[in-house]
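Two complexes, one shared chain (chain A), two partners (chain B, chain C).
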Partner chain A sequence: MNGIKWRKLCTKTIWTAYLAFITIVLWMIFFILFTHSFFKGVTLQFPPEGLTFENYTQIASAFYPALRISLLLGVATSVFDALLAVPASYVLTRYEFKGKDVINTILLGPTMVPAISLALGFLALYPHLKLMDTFWGLLFALSIVTMPYMLRSVMSAFNELDPALEEAALTLGCGRVKSFFLITLPLIGPGILAGFMLSFIIAFNEFTMIIFIYGPKWLPASVWLWNMLHMYGITPGFAAGVAVMQLISFGVLALVIGVLGRRYLRGVSF
Partner chain B sequence: MISKRKRNKWLTLMIPLLPALVFYAVFLVYPIVVLIFHSLQVGDAGQIGLDNYLETFAKASFRRTLLHTMLVAGAATILDLFLGYPLAYYLARKQTWFADFLQASLLIPLYGGLYVAFAFMLILLPNGFLNSMLLWLGVIQQPLSLLYTRPTLIAAFAIYGLPFMVYPLRAAIQGIDPAYEEAARTLGANGWNVLSKILLPMSSIGVIGGVLLTFGWSVAIFSIPLILSFKGAPFLSLDIYFSTRYGIRWSYAATLSVILFFITFGLSYLYMVIIKPARTSTS
Partner chain C sequence: MTSVRVENLTKKFGDTLAVDAIDFTIADGELATLLGPSGCGKSTTLRCIVGLEEADEGSIYFGDRRMNDVPVANRNIGLLFQRLALFPHMKVFDNVAFGLRMKGVAKDEIARRVKDNLALVQMSGYENRYPRQLSGGQQQRVALARTMVTDPEILLFDEPLSSLDAKLREELKLEIRRLHRQTGKTTIYVTHDQGEAFAISDQIYVMNAGRLEQSGTPLDLYMNPTSPFVASFIGTHNFVPAKVSAVVSGEPRSIAVHALGCEVTADYEEGVVAGDDVTLLIRPEDIVAVTATEAGKTISGEVQVSTFSGASTYLEVKVNGHVLKASLFGESRFKYMDAVGQEIGLQIRRCSVIPRGKVAE
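Up next is the complex of A and B:
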């Protein structure tokens, strides 16, 4: 009996240690950058000479325009994704028709194409479309990368919705369009919000797609930070910039999960 | 008459799909087609041929880059399989707040490949966190130069690839009825037997999927090698980027991109379109 007890304790300890290790590895990415952003001095040595908030105020004036562009692009990309994904998901989950599997596969296509290849394709394409260094150019590039996450979130919301609710509205004399806006849309709202969150976070932090097609007029924060690293090396101001990006991402993540509950993370599945 | 009505219905269904399909045609299919066209173009006269590919594969430097990229990605994939399997099991079986927290945390490497590289840089700098701690503890006398080494690259790749391993595995393990495990345990099987005789065979689809996706994505990562790579550690994605910097060498960059595209697309397609639907429909 004692042996079994001891063994159970052992298993539990190993599990706890393992889970702690995974948690530390995943969160270290944030905490290291966050703590270093308060370090005093020009170089980031550990232990620091002192702690200060100055790093944030120092980069604020230069970083803010880039951050604003990233925020704008993140929101605009999610809205654009939702506008295309909601009608498409509705048809794909409600009806059976010829070619449905093919369309489904095509719509998940961006998760099968490496960003670096697609980015080079955009570099070849954009000068001809006059989309280089424009808002719409960046928006389209970010949208194609984030669209599958929006689609999967919305489609899983549609799949869970009982079609009977809609049929009841139709039987009671509600038109198709009206029933969509009054019944269906509010019920899949949480799915759209979850897709919104994923699209926003990925678009906000995207780097590979942007570095090929950005310009001086539309310079998003991720590329701004890379340029700063490239020019000045690793500095506390740089760490502060990254920390701001991460805090915004976590804020959105925590807010949406807090509002919706945990089951809405299903947009990320492969 | 019936076929006409059927066709009309089909056309009506296409209307909501049309904006998305047009968008995909212009911004997903077209760029790839343009790249493939560039990679097949020979000379300025507009001839078409496989010369660029033959030329690229004939170069020793390219073969070394390809091999190195695949070795680092492969090592990271194997590391991810061992790191990710218990995590996937935990996420599939436990419904605690901590499981939800971990699942949300897995999004961090998914969107932040760039930040993974930054964090590694800060930790491993000669006067950074790890070296200072080790010096202070007296484990080492001289700072270790860990930053630009291959194990660091593999570790960073592994953190980036972890979600691509865990999500397919979790889905596969969720599909296994816990009753099988309980029955085996009641009949006296130990943990190792449950894992090797029940869990692994029944989640093999997830293992295959995880390995294919993780490898396919790791091969093409750009942000991590851009920051953590060093002389003697060439990567295909870096070659693509740097051949666009100072006067674009289109045929070379396009050829590399198409090769990378076919590796990632082939492996993902194999799992998502061929293996996964076939297996889930028969079981």
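Up next is the complex of A and C:
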């Protein structure tokens, strides 16, 4: 084998080994609990024994109310984010004004600060606003951490949108409001959807932001699982709960990628 | 059918004066072009007429109606953008039908008019394609159909051909002219390309740094530019200092000038007297090579640059200390295609005088 062919083979082998390693490690991290949820046994063993669904039915009555709350919060946060991000992105991408850079930094700021410090901020503030253990209290906290992702996605969509399109609509007799719904919205739709996906998955799984401000009325799934872990350690029931969360998260991811196509995901910055 | 009148139009962007108090009137049915280099204010002027920019001062009239406060959507105009701006999420049919749907036209009439206009631009059969599936030239035609289908009072074009290759530009240039002749609509065209402007316009408005430099037919601008800027922007040029020898009366007015060591007759309009210093515009294509010498008429010098380009040969000749650019056609172009270092005899067939008082370029 000559020099070039040998080098190519080596490179290919190294890349394959690297990818295989990453895949296995990720598999172990993501899916070890997933796999164990389908087996009997109080503690985790490897290899597991006794294939069953009983772990899922066992936790059903206790877990699923919490799951419903997480789903509701996930969707509500994403909708809230979208409603705020669309007009904000429009202004940020189309107009120049004093202090624009400052506002930009503030809006994208939450990703640069440790979540725990944000969470403690809410803990200090909420009792005074009577927002402890409330739907809106949790929603605001979750939207603070998810908004930057929605904003980035929608802003990127607006940047791709040629302003001449809106002008063309005007010259063809279409008023500003109408052109927003006929031209702008369909074209930034993929951006909103991608942002929605990100917001949902983060809000659905979020733990740190809500750990200080939840209560018996509003107990999300992530906190429920933590409580379980705290009290009983890693059990197949716990594994089942985790598996459900993972299924939903990856399910949403797959659904949105399927709808948008890989083409769009390449352009979305995380 | 409407005329367009622009009165004292001024537009500032921050501290920059983009359009500086310009006035002009475009007659009903005329195809007028705003011509000038980048940044001269021609696009801004167009956008003020369309309503996409708000004028700081001045008025815009369509016929007798003052349009300054009329929203864009109500102006009944058709604008073809430089970037086309076809709606990417709609098929060709829906793109073209858009304006009609906004007007509330009946479904079957929409179908008929879309079909007719697509045929007009030779894009029949493409109704169900998306813009991204079309080539640049095809997109251009669809955009044109979309602009015309609503039967607007005024058609406006904002440098529509600048993103196309040379061959397509030639084709579409003639297409636009054909359509104008056919429909007779008042049309305003914006471009930086002199060739485009000359090919299609009834009237050209040359703009520079926000001001209107000169307006006229293509022939007017070529033969009698009134400023060094217009003289250099339209076609190629030589600027030569000269002294007036005598004013010859009659039509057309002409004067005899002494320049480069010879006597020439120059076209002229305003009043000068013998002894005045003027600047002559001599177009390279108006200089011919001669072999026989005529005293007082022939000038000679050494060829410094000689470039053969097929249809002509471009020369730079040093005459009396001045470098004169000449374009030779016909047989001379072969004779002097490789003439660097040679002596050459030249005669100036035609020239004109640039009026004083205009700032040098």
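Rule of thumb we're sticking to: the second predicted complex is superposed on the first by the 260 of 270 C-alpha atoms of A that agree within 3 Å, B and C clash if a C-alpha of one lies under 4 Å from a C-alpha of the other, contacts with A are read in each partner's own complex, and residues count from 1 in each chain.
By our rule, contacts are C-beta pairs under 8 Å (C-beta built on N, C-alpha and C of every residue); 3 or more make two chains touch, one makes a residue touch a chain.
Just so we're clear, the structure is a prediction, and the values are computed from it rather than from any experiment.
**Student:** Quick check on the superposed pair: does A:I183 touch chain B, chain C, both, or neither? Answer first, second, both or neither.
**Tutor:** Second partner only, chain C.
**Student:** After the superposition on A, what does A:K98 contact: first (chain B), second (chain C), both or neither?
**Tutor:** Touch status of A:K98: first partner only.
**Student:** Between chain B and chain C, whom does A:G175 touch in the aligned arrangement: first, second, both, or neither?
**Tutor:** The answer is second: A:G175 touches chain C but not chain B.
**Student:** Using the superposition described at the top, determine whether chain B or chain C touches more residues of chain A.
**Tutor:** Chain A has more residues touched by B than by the other partner.
**Student:** Identify the partner contact of A:E167: answer first if only chain B is touched, second if only chain C is, both if each is, neither if none is.
**Tutor:** second
**Student:** Using the touch rule from the top, collect the residues of chain A that touch chain C in their complex.
**Tutor:** Contacts found on chain A: 162, 164-165, 167-175, 178, 183, 186-187.
**Student:** Which positions of chain C touch chain A when the two form their complex?
**Tutor:** It is residues 50-52, 71-79, 81, 83-89, 98-99, 102-103, 146, 150 of chain C that touch chain A.
**Student:** Which residues, counting only chain B, touch chain A once they are in their complex?
**Tutor:** That would be residues 9-10, 13, 16-17, 19-21, 23-24, 27-28, 30-32, 34-35, 38, 83, 86-87, 90, 98, 100, 102-116, 118-119, 121-123, 125, 127-129, 131-133, 159, 162-164, 167-168, 171, 191, 209, 213, 216-217, 219-220, 222-223, 226-227, 237, 240-241, 244, 248, 250, 253-254, 257-258, 260-261, 264-265, 268-269, 271-273 of chain B.
**Student:** Chain B touches which residues of chain A in the complex?
**Tutor:** My answer: residues 11, 15, 18-19, 22-23, 25-30, 32-33, 36, 43-47, 83-85, 87-88, 90-92, 95, 97-98, 103, 105-118, 120-125, 140-141, 143-144, 147, 198, 201-202, 204-208, 211-212, 222, 225-226, 229, 234, 239, 242, 245-246, 249, 253, 257, 262, 265, 268-270.
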